[in-house]
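First the structure, which I've put down as C-alpha cells, then a few questions once you've had a look.
A, B, C and D are the chain letters, set down in written order, and residue numbers restart from 1 in every chain.
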Amino acid sequence: MRSKRQRKSAHLSRRRRLHPHVWLLRHLQVALSSLGRLARAPFSTLMTSAVIGISLALPAGLHLLLQNVQALSGSWDGAATISLFLHRETTAREAGELARDLGLRAGIGSVRLIERDNALEEFQRFSGFSDALRALGENPLPAVIVVEPTADHSTPGAAESMLSSLRTLRQVELAQLDLQWVRRFHAITDIARRAIAVLATLLGLAVMLIVVNTIRLEIQNRHAEIEITKLIGGTNAFIRRPFLYAGLWYGLFGGLLAWFLVVLGIGLLDPPVARLAGLYQSTFELSGMDYPAFLILIGGSTLLGLGGSWLAVGRHLSEIEPS
Amino acid sequence: MIFFDNVTKSYPGGHRGLSDIDLHIEPAEMVFLTGHSGAGKSTLLKLIGLLERSTRGQVRVGGRNLTRLKKRQIPFHRREVGMIFQDHRLLHDRTVFDNVAMPLVVAGVGHSETSRRVRAALDKVSLLGKEKAYPVTLSGGEQQRVGIARAVVSKPPVVLADEPTGNLDPDLSREIMGLFDQFNQVGVTLLIATHDLDLISTLNKRVLTLDKGRLAQDRPAIAC
Amino acid sequence: MRSKRQRKSAHLSRRRRLHPHVWLLRHLQVALSSLGRLARAPFSTLMTSAVIGISLALPAGLHLLLQNVQALSGSWDGAATISLFLHRETTAREAGELARDLGLRAGIGSVRLIERDNALEEFQRFSGFSDALRALGENPLPAVIVVEPTADHSTPGAAESMLSSLRTLRQVELAQLDLQWVRRFHAITDIARRAIAVLATLLGLAVMLIVVNTIRLEIQNRHAEIEITKLIGGTNAFIRRPFLYAGLWYGLFGGLLAWFLVVLGIGLLDPPVARLAGLYQSTFELSGMDYPAFLILIGGSTLLGLGGSWLAVGRHLSEIEPS
Amino acid sequence: MIFFDNVTKSYPGGHRGLSDIDLHIEPAEMVFLTGHSGAGKSTLLKLIGLLERSTRGQVRVGGRNLTRLKKRQIPFHRREVGMIFQDHRLLHDRTVFDNVAMPLVVAGVGHSETSRRVRAALDKVSLLGKEKAYPVTLSGGEQQRVGIARAVVSKPPVVLADEPTGNLDPDLSREIMGLFDQFNQVGVTLLIATHDLDLISTLNKRVLTLDKGRLAQDRPAIAC
C-alpha cells in the first residue's frame, strides 16, 4: 500500500517537468496573451504605463540635465590649474618664451599664455564689469600663464609642490592654485547629484509600488478566475505567469514612455537654454540620451515592473483559495 | 477508489460539518449522497476535492492519502477529480468553449487536441451550438450543462457533483442523470449530492444518507 | 389610469429629497465608512497615497527651492540699479556729499556709496580673483555709487532717462544701467520655472491618473457589491458616494505625505547647501513651506483625488448593470 | 398588480426569450411559473424587476409603465420588488445581518429600525442564530434563506423568486413555500419560478406554464 502511494505521488511530481522547447513556447504564449489582455483595456494600460513613465522620466531627465551642465563646464571639471601672474614689466616676448619653456617641463600637461590685452578682455567678459574696467583707461592687468599639470601631477599634494617650484621663477609675481571655482562647482553639482539620487530612489520605489498596487488590484479583480483555475487543477506557477508578464509589460511600456518624455522635455527646454547660451555668446546645445543610458532606462524599468508584480503575486495569490 | 477512515471535519468556530465518517467507494461506482440541508453533503465532496482538509481521520482517493498531500501537489490531485457545482462557477468573461477548455489548458494539452475534446464534451451535453456564447446568455440549465462538460472534458477518474440538477426541470434532470450513467459505464467513479429523492428512486444505485454530519444510511444498489 | 401612474412616478421622485440634516449625517457616515475601508487595507492605501505623495512632493519641493534661490538673490531681483563710477580723483568726502544729494532727488529710492577700498574688496570677492588683484599693488578701482530708482521709476524707459541725467554729473566718469545680471538670472529662473510648470502639470496629471486607475480597479473589484446594490434599489448617487470619498481621502493623504516629503527633502538638502553657503561666506539657510503653500498643496491634492475618482466613477459605474 | 401587454423579449443575436406574452396578475396573488429549461421563466421575472427591458409590448407593475420609466427611477422601482435568485447573490464579505440589512440601508432607514426589521426577517426564515456568520460558512439551503430574508425585509408589495427551492431538500422546500404563503396572506404579490411540479401540485395556486417563450398554459387556482 505504502509503496503504491509513493509511486503515485512521484508520478504527480513528474508531470511538472516539461520539455524546454514546450516550456519556452508556453511562456511565449502567456507573454502574448497577457499583452493581448493589456491591449484590450488600452485606457487602463496607458494610465499605468503613463504613471510609471512620468515617474521614471523625472530622474532620467534631471540626470541628463546634470550631465549637460557638466559637459558645458568641461574645462572646470578637469585637473587643477595654476595661474602664474607675471610682473607687469615682463614683455610679451619674455612671457612667450617662459610659456614655451614651461611646456617642456615634466609634469606639466598644457600651458596657455594670456597676454595683457587678452587678460583684460577675458576678465571683462568674466566679471560683467566691462564698462567699468574700460573706464579705467590704463590696463591694470598683468599677463597670465595658465599651467595645467598632467593627470598624475594633479593630486593636491603634487599640485602644491609644483606651485611652490613655479613660484620661485623670476618673472612670476604671484602663483595661484586655482581650485576655488572647481570647489564651488563641485559643491553645486554635489547638491544636484544628491537630489537626483534621492529622487531616483523615491521614484523607483514609487514605480515598484505602482506595479505592486496595479497587479494586486488585478489579482483581486480576477479573483473568480484564479479560484476556478485552482479548482480545476491549475498550478501556482500557471496562475502566476500572466501576472508576472503583465508587470513586465507595464515596466517596458513605462520605460519607453519615460524615454519619450525625456526626449520631449529636452525639446521643450532647448529654446530657453539656447536663449541663455545666447546671453553668454555660447552656441551650447542640450545633448540627448545616448544608447547605453536608453538601455539602462528601459532595462531598469522592465525589471522594476517585473519585481513589483513578483512582490504582489507573492503576497496576494496565496490568499485566494477556492471553497 | 475513495476511502474515508473515521473522518471528522470541524469548521472554525467548532461547528461540526462531518462526524466520524467511514466510507469506501469502489472504482467505477456511482453513488448518490442525500440528506437534509446542512447535513454535510457539500462538506464531504469538498474533502475529496481538497477544498477543505479533514480535521481528523484519513481521506484517500485513488491511493493518494490526501491528509499527507503537499500543497504543491494539490493541483495535480484536482486534475484527477472533476467537480460540478450548484452555482456552476463559470467564468462570465469567457465563451462556453473557453470555459470548457480550461482544464485542458491548465494541464498543457495541445491546441488541436483541446479543440477536439472540448467539442466532444459539449456534444455530450447537447450544447455544441452554444460554443461561442457567453454564460450570461444561457439559461440556468444550459449553464449547468456547461459546468458538467468542463468537469468531464479531461476524463478524470473521479467526478463529484453537488446538486447538479437542482435548477433543472424533471426531463432535463433525467437526461443529465442518464449522462452520468454513461460516464459511469466507461469506468468513471461518480459521487452525486442531490435532494431529488424521486429521481434517485428510479435509478438503481447506491445511496448514502447523511444526517447532521453522520452517515445515517448506506443503501447499496440491488444487484440485477 | 394615466393620472394614477403620474402620481406614482411623482411619488418615486419625491422619495429622493432628504432633509438637509439627514443628508449631512449620511455623508458623514459614508465618509467615515470609506475611511474605515481604507484603514482595513492599510498597505494598499499607503501605497496609493505614497505614489500621490511622491508625485506632488516633486513640483512642490522644486518650487520651494526656486523660491529659496530667488530669496537668496533678493537684491538682484529688485528694480534695476544704476552704477555711477566716479572719477578716480574724486575724494571720499566729495563722493559722500554726492551720495547724500542724490538720496534727496525725486525718483531715487536708495543710494549706496561704495568707497574705493570697499569697491576693491567687493570686486575681489565677486570675481574670485582676489590674489590676482591684490598683486596689482595699487587699487585701480574708482568709488562707485549704486542708485536704486523708486518702483515707479524702474521701468526701462524711466530708468534710461534717469541714467542720462545722472551721466551729466561732474563727478561721474561713467554711468551704467546694471541689467545684465538681472537678465541672466531671469533667464535661468525662467528655465527653472518653466521646467517646474511642465513637471507640475505632468505630475498633477499623473496623480489624477493614479486616482482614476485606483478607483477604477476598486470599482471592478467591488463589482458584485455594486451589482447587488443596484439590484436591491440603490441609487447611482448612493453607489457613487463611497468611491468619491475614497478618492478624496487618497488625495488628502497623498497631500499630507507630499508635505512631509518636502520637509524631509529640505532637511536632506540643508547640509550641502550650508556647505555651499559656507564657501560664499554666507549664512543662508533653506526656508521651509509657509502656511498658504501648505494649504494650497493639501487642497490641490484633495481636489485632484476627488476629481480623479469623479472621472473613474463617471466612466465605469454605469458599465456595471445587474443581470 | 402586474400586467404584460403583448410583450416580446429578443436577446441580442435575435434569440427570442419571450414571445407575445399577455398576462395579468392581481394584487396579493401567488402565482407559480413553470416550463422547461430555457423556456423564459427567468426572462419574465427579469422584465418585472427591470433587469431587462422588453423589446416590444408594455410591462406595468403597480401602475408604473416600466417601458417609460426613466433610468434614474429604476432604483425606486426595484425597492418595491423583492427578488430571490437561484444563485443567492449574497455578498461574501459581509455578515448575514449586513446582507439582509442592505435594502434598508439603501432606502435610508434608521439604525434601530433596520436592526429590528432585519432580526424579524431572519427570525421568519429561522436564521436568527446565524446573524453574525458569513455566507460561505452556511450550507446552500441556509444561503437561500438569507436571500429570502433580504428580499422581504423591506416589505415590498411584489416578490419574485427564481427557483427558490432548487437547492433545498423536500422538507425545507415545503417550509419555504409555507413562508411564501404567509407573505401572500399579508397581501404580498408573489411570482415564483420553479421546476418542482410535485410541490406545486400540493398547493392550490395559479400556475403559468411557459414553452419556448410562449405562455402555453394558465391554470387558475380552484376557488375553495
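The rule is short, and it goes like this: a contact is a pair of C-beta atoms (placed from the backbone, for glycine too) under 8 Å apart; a residue touches a chain by one contact, two chains touch by 3 or more.
Note that the structure is predicted; figures quoted are calculated from it, not measured.
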(message) Roughly how far is chain B from chain D, centre to centre by C-alpha average, rounded to an integer in Å?
(response) 29
(request) Could you grab the centroid distance between chain A and chain D? Build each centroid from C-alpha atoms only and quote it in angstrom. (result) 65
(message) Taking the mean of the C-alpha atoms as each chain's centre, how many Å separate chain C from chain D?
(response) 59
(message) Two or more other chains touching the same residue: where does that happen in chain D?
(response) none
(message) If I count partner chains per residue in chain A, which residues reach a count of at least 2?
(response) 323
(message) Building nodes from the protein chains and edges from chain pairs that touch, which of line, ring, star, complete or other describes the result?
(response) ring
(message) Applying that definition of touch, give me each pair of chains that meets it.
(response) A-B, A-C, B-D, C-D
(request) Using the touch definition up top, name the residues of chain A that touch chain C in the complex. (result) 44, 47-48, 50-51, 54-55, 57-58, 83, 85, 123, 126-129, 131-132, 135-136, 138, 140-142, 144, 173-174, 176, 180-181, 183-184, 187-188, 190-191, 194-195, 198-199, 202-203, 205-206, 209-210, 212-214, 216-218, 220-221, 261, 265, 268-269, 272-273, 275-276, 279-280
(request) Using the touch definition up top, name the residues of chain B that touch chain A in the complex. (result) 46, 49, 51-52, 62-65, 69, 72-73, 75-79, 83, 89-92, 102-103, 106-108, 150
(request) Spell out the part of chain C that touches chain D in their complex, as residue ranges. (result) 1, 4-5, 8-9, 12-13, 15-16, 18, 22, 26, 224-225, 227-236, 238, 321-323
(message) Per the contact definition, I'd like the list of chain B residues that touch chain D in the complex.
(response) 11, 13, 15, 34-39, 42, 86-88, 137, 139-142, 163, 166-173, 195, 197-198
